[in-house]
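Look for chain A in each of the two complexes below; its partner is chain B in the first and chain C in the second.
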Partner chain A sequence: MYHYLWSLLFWYFRPLIKWFLHRTTQMCELQRICYGEPAGARRILAVEESLRNSRNPDIKTLVLYLDGVSDRREITTKSERGILEEAIRTVLVAKKINPVAHPDFAKSFGKCVELIWGYRQLCIHVEELRRTAYDADNAEHELMLLKLWNLLMPHEPLEGRVTKQWQDIGFQGDDPKTDFRGMGILGLENLVYFAQEFPNAAKHVLLHSIHPRYGYAFAIVGINLTSMALRLLRDGSAKTHVYNAVKTLPTVRVFHQFYCYLMYEFDRLWIESKPSNMMEFSTIQEKFENSIRILLNNPKTVFRVNISVDNV
Partner chain B sequence: MLTTFQGLLSILRKLRSNPDRELRLLLLGLDNAGKTTLLKSLASEDITQVTPTQGFNIKSVQSEGFKLNVWDIGGAKKIRPYWRNYFENTDVLIYVVDSADIKRLDETGRELAELLMEDKLRNVPLLVYANKQDLAQAVTAAEIAEGLGLHNIKDRDWQIQSCIATEGKGVKDGLEWACKSIKKK
Partner chain C sequence: MHGTAHVKFILSKQKTSLNKLHGNEVIDATNKGDQSNMGNCIRAVLRKFRRKPRNEKNIVILFVGLDGAGKSLILNRIVGDLEQNVVPTMGFRTISLKHKSCNVKVYDLGGSPQIRSIWPRYYNDVHGLVYVVDASDTSRLTENRIILGDLISHENVSGKPLLLLANKQDLDGALDELDLVENLDVERVANEMRCPTRVETCSCFYAMTKSQKSTEGIINGYKWLLNTIMKNYQTLNSQVKSEPPIRNGFSVRSITSSPTPSKTESMNSDPFKPIHSLLKQNKLSGSSNCVKNGTNGKIIPLRRLLATCTNKTTPMPIEDRAEEPDLALQRTDCDSTIFQVAENNRQETVILNPLKLKPGVTNTRPFTAPDNFSRIKTEVTIPTIQDQR
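Take a look at the complex of A and B:
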């Protein structure tokens, strides 16, 4: 009920308030955001809201156009410049902003557009990887799986493609191929990225996972955390982190890094909780997800994998 | 006045005659049998993004005037020793088999035989889902029943139901049997 009343008031009074502020400050809402809000998530989220709520026909068309190019994954390092210039030009004209008098606005606004639609494009890309099922007949997939083993267990050669050894790194049975399930190749790529880019952190976590009392299945927990990372990305909670973490077009790397942070921090919480056995996973995972959501609610949040471990 | 009173009375009567009995269903089976997909399919949730179960999942579903609390416990070898922690007060044991995983039919049979010997599961009706009937290598429900030796079970009601959990096919039929077998008791 309150929500309804609020949106009704918002709908009628927003233009009025905007007109008043435009008159008194001599600037449009987008300008006020770009000058007033600190760079990063606060500014980008505000610009995003402003553009999505805009009733200016030119801006509405622009938003539709940007949605389209990002949904088709057409924003590349090559095409990006043209797309951003087009967005900036549209807003300058629609809002009658003089680019000579406001040179900083174009730059700052362009950055926001790059991050907002880069994030949208990232969601599409990650979803494609998730939908790609692990395929044992695909040489690339198989190589990636073997790579994971070699990164985690460099001193222990794999005795065969199907072997009990896979359970040492936390797969359920003798053949990991069925464990990726609904997370597809995304689950494997995340694990490989963690083991490759943060080798010491990954070893540290893997060691905890074989702890005689607090042990857990490394790979399976890893796949479940891919699912969690994806939930946070999809519902937009991860925007805070992404908008603060990158300065250029977000790629799948930023998602992998976000995942690595979750792996490392989940392991820490798990060991701290002293669980009596693996059956406590759902409870602790839920607690973990809630704490991450609270952190992401703070627009200043940006996650970094604990570097100290990786320098040891 | 009288009609209001009568109306109230009938509502009260309905409440009493429909206590919405709660049942505890235990879903077990080897890893990758399809337990979580089955659970999600029962709860009408998205089944495309299932992950291997570390620990357990639980969901409540309404069916045939019962409130079914379904417990889905992970099937990995390392988790199987914890299955026993969930035996208590089980009304129906649901055992899920991957009909296409012929290599592990023996293993799943051994696990089931052990379950049937458990004291805490004595007389508990058994529903076996012969899952993944859509896969080319899948064997029929009859062959699964044969492989698991279901026909030798004398101490409890049992039923085998072929199903395709990813499409929801056969899932409801199995559940109806489970509810009926409880009503009979």
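Take a look at the complex of A and C:
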């Protein structure tokens, strides 16, 4: 009821307010946002909202065009420049902005567009990775799996492809391939990235996971956290982090880093809460997700993995 | 008799009080302007009154099975969630459902070897279990047999209904229910521990042609499980509530007591064996029961149970089979031909207790006993019956 009333008011009064502000400030809404809001998530989120709510036919077609391009994953480092210039030109023409008088606007607006549709493209890309099931016949996948082992257990050679040793790093059975169900190759890539880019943190977490009392299944928790990271990415909660963390076109690397942060922080929460057994995972995970969501609600949030591993 | 009359009296009393309240509501609504507030208030009171007589049942079901068997996905199917991507369950998840007037709570436990040791902590709280097997993975059948055997023979599980789902029928080389029953040795353990068991085949992924059939198994099995639980709710619930030490004594007794029970015991104590169903079963047993050739001929209870079993396994109520003629038809073609030989022998092994055949005896059966169990009583007595009467 209130929601309906609000949207009605919004629909009729927004143009009025915008017209009034345009008259008084001599700037369109996008300009006001780009000049008024601090760079990062706040500006980008505001620009995104403004573009999505726009009733200007040119801007509407621009939004549709950009959606299509990013859904097809056509924004690459090469094509990016052309697409951004096109977008900026459309807005400048539609809003009658003089590019000479407002050189900063084009620049910051371009950045916003890059990140907004880069994020959308990232979602598509990550989703594609998730849909790629782990294939034991694919040499690339197999190599990645072995790499994970070598990164985590450098001093212990693997006895075979199918072995009970996999349980040491927290897989369920003696063949990890079934554990990647649901998250596909994305789960493996996440784990490999974590072990590769943050070797100390990964070892630290792995050591915790084999704790006799508070131990947990490292890989399975990792895959569960991949699912959580994906959930946050899909429903847009992760936008705050992504918009704040990167300055260029977001790639899957951003997602991996976001994941690493989650993994590291989850481990800390797990050890801190001293669970009596692994059955407490779901409650702790829920608690963890809620706290992450609260953090992401603050537009200033950016997650960085600060490795403070004490070498004891 | 006395008990039922008493209950009726209470019910009628409450009805009159409800009527009174209804009357009040009408008067209030006409007299006072503040309708909504008053209405809310009365509605709340009414709801309170209505709740009591219905006596909502809380059912707890446990989903177990090896890792990767498909527990979470099957549960998603039951809930109606079409999400195809499930990650390995870490720990467990809880799902609350409604079935008729019951609140059903489902614990979906993770199946990884690391947490299997924690499963038994949940056994005490549940009314029924679902065991999911990946029927396409023949290499893990031995593991499954051990785990399932351990599960059923756990003191807190014995006697509780068990649904065995042979999942992943969409994959090539998946075992059907008969092979699975044979391989997992389900009959022997289920009979020993008196777990009413049913086996269903299912698959969570829709093949184009048999999309309906694949999920049918899940839904049928789930309904059977809930109905079985509801029919034996009091027995199971008292089992859930009673403390472990009591059941300890009970399980010991079940092992030591003789296979031919004393008269008094056989008449009063077993809720699983209503007498009229035994009569019915005697009539029916010669006709069309499909039986698996029990390899272990020495165990009489097994044979007896087999006598009543349908194409599914063990203690399936006879009435149930009548309800599902199509399912029965699908199997009997092979079953009857293969297993008919055993029928004659089986007939003879059924030891008839003349006392049970007397029609008058039926009244002495505890009224809480489910009239659905055609399973023949062997040795176990359920001590909790005395409390209920």
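As a convention for this text, the second predicted complex is superposed on the first by the 306 of 312 C-alpha atoms of A that agree within 3 Å, B and C clash if a C-alpha of one lies under 4 Å from a C-alpha of the other, contacts with A are read in each partner's own complex, and residues count from 1 in each chain.
Keep this in mind: contacts are C-beta pairs under 8 Å (C-beta built on N, C-alpha and C of every residue); 3 or more make two chains touch, one makes a residue touch a chain.
Quantities reported herein were computed from a predicted structural model and do not represent experimental measurements.
Under the clash rule set out above, the superposition-derived model of chain A with chain B and chain C contains a clash between the two partners.
By the touch criterion defined above, A:S291 lies against neither chain B nor chain C after alignment on the C-alpha atoms of chain A. By the document's definition of touching, both partners, chain B and chain C, reach A:Q172. Legend: residue contacts after superposition of the two complexes on their common chain; A:S7 is shown touching neither chain B nor chain C.
In the superposed pair of complexes, A:T76 makes contact with neither chain B nor chain C.
After superposing the two complexes on chain A, the stretch of chain C that clashes with chain B is 56-64, out of 2-10, 56-64, 290-298 or 344-352. Looking at chain A, you'll find residues 130, 167, 172-173, 178-179, 181-183, 187, 216-217, 220-221, 223-224, 226-227, 277-282 touch chain B in one structure and chain C in the other.
Per the touch definition, chain A reaches chain C in the complex via residues 130, 167, 172-173, 178-179, 181-183, 187, 216-217, 220-221, 223-224, 226-227, 277-282, 285.
Residues 67-68, 85-88, 90-94, 110-115, 118, 121 of chain C are the ones touching chain A in the complex.
Only residues 31-32, 48-52, 54-57, 74-79, 82, 85 of chain B touch chain A when the two sit together in their complex. By the touch rule above, chain A contacts chain B in their complex via residues 130, 167, 172-173, 178-179, 181-183, 187, 216-217, 220-221, 223-224, 226-227, 230, 277-282.
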